[in-house]
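Residue numbering begins at 1 within each chain, and the chains themselves are lettered A, B, C, D and E in the order written.
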Amino acid sequence: MKKHSKHRRSSKAGLPPGSLVHIGDESAVTRIHGIRYNERGGQRLPIPDADHLPVPGEEGILWLQVQGVNDARIIEKLGHRFRLHPLLLEDVMSTDQRPKIEDYGDHLFIVMRSLEWVRGSGVIQKQIALVLGKGYVISFEEGDSELSFTSVVGRILDHRGRVCEQEADYLAYSLIDSVVDHYFAVLESVSDEIEALEEEVLTGKEGLLSRIHYLKRELIVLRKSIWPLREALVFMERQHSTLISSELTLFFRDIYDHTIHIVDTIESFRDMLSGLLDVHLSSISTRLNQVMKVLTVITTIFMPLTLLTGLYGMNFHYMPELQSPWGYPAVLCAMALITGGMVWFFKRIGWL
Amino acid sequence: MKKHSKHRRSSKAGLPPGSLVHIGDESAVTRIHGIRYNERGGQRLPIPDADHLPVPGEEGILWLQVQGVNDARIIEKLGHRFRLHPLLLEDVMSTDQRPKIEDYGDHLFIVMRSLEWVRGSGVIQKQIALVLGKGYVISFEEGDSELSFTSVVGRILDHRGRVCEQEADYLAYSLIDSVVDHYFAVLESVSDEIEALEEEVLTGKEGLLSRIHYLKRELIVLRKSIWPLREALVFMERQHSTLISSELTLFFRDIYDHTIHIVDTIESFRDMLSGLLDVHLSSISTRLNQVMKVLTVITTIFMPLTLLTGLYGMNFHYMPELQSPWGYPAVLCAMALITGGMVWFFKRIGWL
Amino acid sequence: MKKHSKHRRSSKAGLPPGSLVHIGDESAVTRIHGIRYNERGGQRLPIPDADHLPVPGEEGILWLQVQGVNDARIIEKLGHRFRLHPLLLEDVMSTDQRPKIEDYGDHLFIVMRSLEWVRGSGVIQKQIALVLGKGYVISFEEGDSELSFTSVVGRILDHRGRVCEQEADYLAYSLIDSVVDHYFAVLESVSDEIEALEEEVLTGKEGLLSRIHYLKRELIVLRKSIWPLREALVFMERQHSTLISSELTLFFRDIYDHTIHIVDTIESFRDMLSGLLDVHLSSISTRLNQVMKVLTVITTIFMPLTLLTGLYGMNFHYMPELQSPWGYPAVLCAMALITGGMVWFFKRIGWL
Amino acid sequence: MKKHSKHRRSSKAGLPPGSLVHIGDESAVTRIHGIRYNERGGQRLPIPDADHLPVPGEEGILWLQVQGVNDARIIEKLGHRFRLHPLLLEDVMSTDQRPKIEDYGDHLFIVMRSLEWVRGSGVIQKQIALVLGKGYVISFEEGDSELSFTSVVGRILDHRGRVCEQEADYLAYSLIDSVVDHYFAVLESVSDEIEALEEEVLTGKEGLLSRIHYLKRELIVLRKSIWPLREALVFMERQHSTLISSELTLFFRDIYDHTIHIVDTIESFRDMLSGLLDVHLSSISTRLNQVMKVLTVITTIFMPLTLLTGLYGMNFHYMPELQSPWGYPAVLCAMALITGGMVWFFKRIGWL
Amino acid sequence: MKKHSKHRRSSKAGLPPGSLVHIGDESAVTRIHGIRYNERGGQRLPIPDADHLPVPGEEGILWLQVQGVNDARIIEKLGHRFRLHPLLLEDVMSTDQRPKIEDYGDHLFIVMRSLEWVRGSGVIQKQIALVLGKGYVISFEEGDSELSFTSVVGRILDHRGRVCEQEADYLAYSLIDSVVDHYFAVLESVSDEIEALEEEVLTGKEGLLSRIHYLKRELIVLRKSIWPLREALVFMERQHSTLISSELTLFFRDIYDHTIHIVDTIESFRDMLSGLLDVHLSSISTRLNQVMKVLTVITTIFMPLTLLTGLYGMNFHYMPELQSPWGYPAVLCAMALITGGMVWFFKRIGWL
């Protein structure tokens, strides 16, 4: 699991196509978990090492969960056992793929990005790759964090829901559905964040710019991760592959609707954030106006008063006012009148 | 009925697809109202509880109005009776659906959003779902507010209009038409609001930013609610389903035209609001300019005067002017001349 | 004829579809004028009232001009006589239709907006609806202003041009062409307005914001009125209807080209106005800069001078300069030098 | 040849379609030049007047160059001789056509805009119309400036290149290619202008706004002139007409690629200019910041000093400092310290 | 190799189509390198001059690497030998082509732009053209910098990877793949640059405008170079040509996915840069606000103090305070109180 980590794809430049080089964090260990199930229920398969992989067979549907995709040796053995295309394996190990669905004839290859919103650091993503073949599904997860599909595993082992009665395509559907369902949670977190920001912006709080900026950037990342899935799912819905039974079309159309809904929502969020930025920027201008008004009011009130004191500070010999006993009180009165008049005037034009 | 309430869809993450969990406000009670009509007129059907639902039959068209969609048990029974797909029921109970039309073979599923403009709180929406089958229509309404289709009910019971003479597809059309007709009322309210804003902005009123912002956000919500309906109605117009008779194509094209008209109008409103924002922002800048000019004028007039008084406030022993009896009047004259000249100059360049 | 008048469409909410309720100004009176022509020439038909409408027949092409569309009774009789669809009649009476072309089998329905630029109040529009049937054309015009198609009427009565030799489809084409031709005049007025604005903006005139804003809004309205016509004319060009003879395709393609040209021009105008707004806004900023420079120059020159006078206005007993006869002239010289230096400096950095 | 001259198209409103009225400058004289060529070479044809026009025949390809399109009589005779459609002739004479290609069955009609960049006045355009028929090409040029196709004429008369060996379609191709080639020269001039502007903007020069604005407007005009040609050329490439031989498809695809390249470049230029405007506007803001900092620094330094002098300018009888011989030097020192401290402070925070 | 060098395409205006004129830098020398390989390995071919070019034959796949494309004579001979279309040769020599793939029947023509990010001067590009024929590939590289495909050459000569076992189409694929792989390195450099900028902008550094501007411009250039390749690759993937074997479709789809990924990323970068610009601009406004607040605070504190000193600097004979021994200390106290009160007030409203 990572946050905007650099996928140094450039390290592959110069290698022949189909070279298995891991792109992503290097620390994870590659582990394989196996589950086999049929209409009577499901159970975990012990997998000692990559040389003893189970094969799809008549006993039921096989599901291999590969955790961590940086061990080229293991991935290669898996690829050999299930006759996967070298380019497919290359894509599995490059964890910066664009979401897509590819038809390799006897198996379908699905790449998605699993998203999670972590308070304080934004969207965390990892790549999920699925291979759907006749009687088996292989799921690849980037990194060595906890596995994603615990709820689906639970449903199989506890024999809940309809997964056990169905073919491998229903399992693939369940896994995709589970990934897409998590997108809604991310959107809700973003929505909360936007509403909080909105309140702060409209009450005139300052220094929100970087927060608006970061949220905007998260939305750019979100869109880039989810948008291509939409196109990919059209493929599923139109049932181009014999690996997808016709009854499942309705289900894939349902996920497709969800992704459209999500993409629409992201667009709305982007619009709202742009609006917020406008409000924020113009509230800066408005505040500048306020500051300038204060400055102008202060200057306008004090300058005439200072002039008056300067006037009677002059040293001319013949200034009759200076001798008068009423001179000083008169000046004080004049100053009070000027101040009062100015305050009244600025109150009237709304500057105070 | 609600305003931007959180649909906590994330609460469904981890559940198997097709799980009936209500997403939305929980307070409402689910009630079912029944109407049966044929060319001789229509009448209400008593429905004691969800175990005694009427069936579509030869006596006429059946219309079930479901009010409130949070009771999974009732929705499930209804789904069982009319053989509705689990995903359809799931969508009915999730009240944050994107408008869409889905063809389930022997029934069509239509999701819309009913909109209302409430002065002071903006657009209020609720989800309307329709199921159109052979000889029956089921309408689901979110929340327990008053029912939406009172005018259509009235037309059936009073045997007015053409609903009674027609098949179920005409009823579905009438319901969609009734929802879309309300959109115009919302648009008119928005239009009034924009015109009021425009006048205030152009007369230079301040503090309109948050109002422009809220109106903009309402338009984003409106568009998100109406735009997808447009695509959905293309399906109806092209008459893909055998449930829609060919004579109704003209009617659905009419609604389709209305939605395009509405979407166009929303786009125009968005353009106008953007224009208003520009005007508002630049009127802030213009006012800043005014303030700065006042400040500059004040400073430019008073600074030379103050300097003059300072000059003759100096204590040099040899300042011939100080002894002259004309010194003081001369300084006062000079100050009057300077002030007059400045005022004339600033008037000429238009700063005063 | 009207200017952005409110079409209170919401007043129809709740009525059954196809209800004939006039939306628009209520004052106009509905009148019908008739013309019949064939290759030998044309003549006016007397039409006493709506109960004695002429019928299309062998004697020639019939053209009914309906002026004012608010009398539901007359419109209904007309609809009954020519067997027009209720939805069509509803659209005729709702004068806020989006331009469109609809095929009702034995007649085509065309809705357009006639535009006129009135100096001082911008674009005035009225709705023109055409029904093209076998051997007849009915034109509906909103409002009771003077009729639009005087030039076409003239050509028929004077037996000029090719209208008389052709079928009803050529008449419909001539009417559409005549409406579209007027769009160019509107565009030219807008173009003149933009050029005038451009000159004023670039010479730095103030207070142009509301004029730019109004022109922008007119363009939004223009685009909304013309853009849909473009799509509608594709229908004509592709000759989907048997009511349009194949020779007329070239003519409709010509109008189609005109509308594309117009839409392109409107887009260019929008771009230009946006550019003008940018220039205007930044000229406000530039002027602010000028004002601030003046303020800074004034302050920077007078503050040191005032300080100097303050310095020698102090009352210390031991200030040798005060006794010197050269003290006062020296201070005056110093002030002149400071002022000269400042002015020279500000001239050099270009602030004066 | 003209610069943004008004094409008063509105003058045609009310006339029947196909009316031959010249729209554009009226001063030019209409002249016709003729060339006939075959694989043995080409030669000029004497054309005394419009009544003695050569006809296409077996002796070779005929090319008529019409210079100036404002003499309706000559255009009409030409149209009659070559059986051209009235709408085509109308388009030839209206010199504000949108670029397009129209198929009239036995002849193709091509409208283009020839562009030229004139230093100081921007883009100058004139309309070029081509008619390609069996064995002949007619080219119409707006205005009476020098003819555009001198290089093609030279190649024919000197029997260079492949024009003479080919059919009329190759001549049409050569003419279009020659017009498109000139677009590159215009783009290069615009590119030079943008680079010059960029340098000036980044060095902070003022008063560039109107130049950016004019360049932006030229790009709007350019795009409007070139963009439609792109669509039109798709027609040529797809070889819809029998007048274009299949071998020429490659050549038309080549021009098509050029126009796409040009349109891409114009878009890049627009993006760059928008970027430049942003830089320019924000450099105005930055300069305002600089000015304000100077003002603030000046005010902050001089105000305390002035206060100090004011303090010791007070006339209290009991002010011990005034009697002290060190009072005056002490105040001077204090003022020097304050000034030094302020300068140091403002240097540290980067305002000086 | 060059940086935004002018391709003076205008120099070709007036020449017949297909003229071989080099557009680009003139200094390079044209050299041809040959390689022939089959499943047993590959070896370099000696090529003395352009008159002794090897021919494709049964011994294996022929690969000609042409370095520098400004010698029309050599290019022409090559074209003659391999029967290449004149327009193809023209495109090879014009080094400002838009990326594209063209099908000339018995050979495919592919134009790409090879990109490199050079620290300090941005994106450097050169044009790569490929001709894929039956049994041979010709690659043309602009300029005389080092050859691009050293890694592919190495793989052939060392008999590594799958190139040697495959047909010419796989070689073409490898070359395209190698070019596209380098795009990722460029994107990573841009990404680093953006992150560095982002940090600086958010810490409020000034003077970043020109850097943001240059980066934006590089992205415009990048997009223009890569975007068209995407469309071109659709052609490859859809396998329109018999020169591409069906097995290679998967590989070309892979490159196609890469280009989409790259284009998506460029779009995200553009969005991020726009966001950065907004942040930068508004941080300028925010700083202006700060400056103005400082000015206002200074003015507001010192003006009343100065007024007070002016007051007691007046020369009235009857000012009782002046005689009082507590007058001076009282004024000093009042000034301290005023200052303290102001500071407290400005602290409370957050201006200090």
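Note that in this section a residue touches a chain if its C-beta (ideal position, glycine included) is under 8 Å from a C-beta of that chain, and two chains touch if they have at least 3 such contacts.
Only a predicted model underlies this, so the values are computations on that prediction, with no experimental measurement involved.
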Distance from the mean Cα position of chain E to that of chain A, given in whole angstrom
26
Distance in whole angstrom between the CA centres of chain B and chain E is 42
Which parts of chain D, given as residue numbers and ranges, touch two or more other chains?
285, 288, 292, 295, 299, 306, 310, 313-315, 319
Examine which chains touch each other and state the graph shape they make (line, ring, star, complete, other).
ring
Round-the-ring chain order [start: chain C; next: chain D]
C, D, E, A, B
Chain A to chain E touching residues, read off their complex
6, 8-10, 12-18, 85, 87, 91, 97-98, 100, 102, 104, 206, 209-210, 213, 216-217, 220-221, 224, 228, 277, 280-281, 284-285, 287-288, 291-292, 294-295, 298-299, 302, 305-306, 309-310, 312-315, 319, 321-325, 327-328, 331
Footprint of chain E on chain D - complex, ascending:
151, 155, 160-163, 173-174, 177-178, 181-182, 184-185, 188, 191, 202, 250-251, 253-254, 257, 260-261, 264-265, 268, 271-272, 275-276, 278-279, 282-283, 285-286, 288-289, 292-293, 295-296, 299-300, 303-304, 306-307, 310-311, 313-319
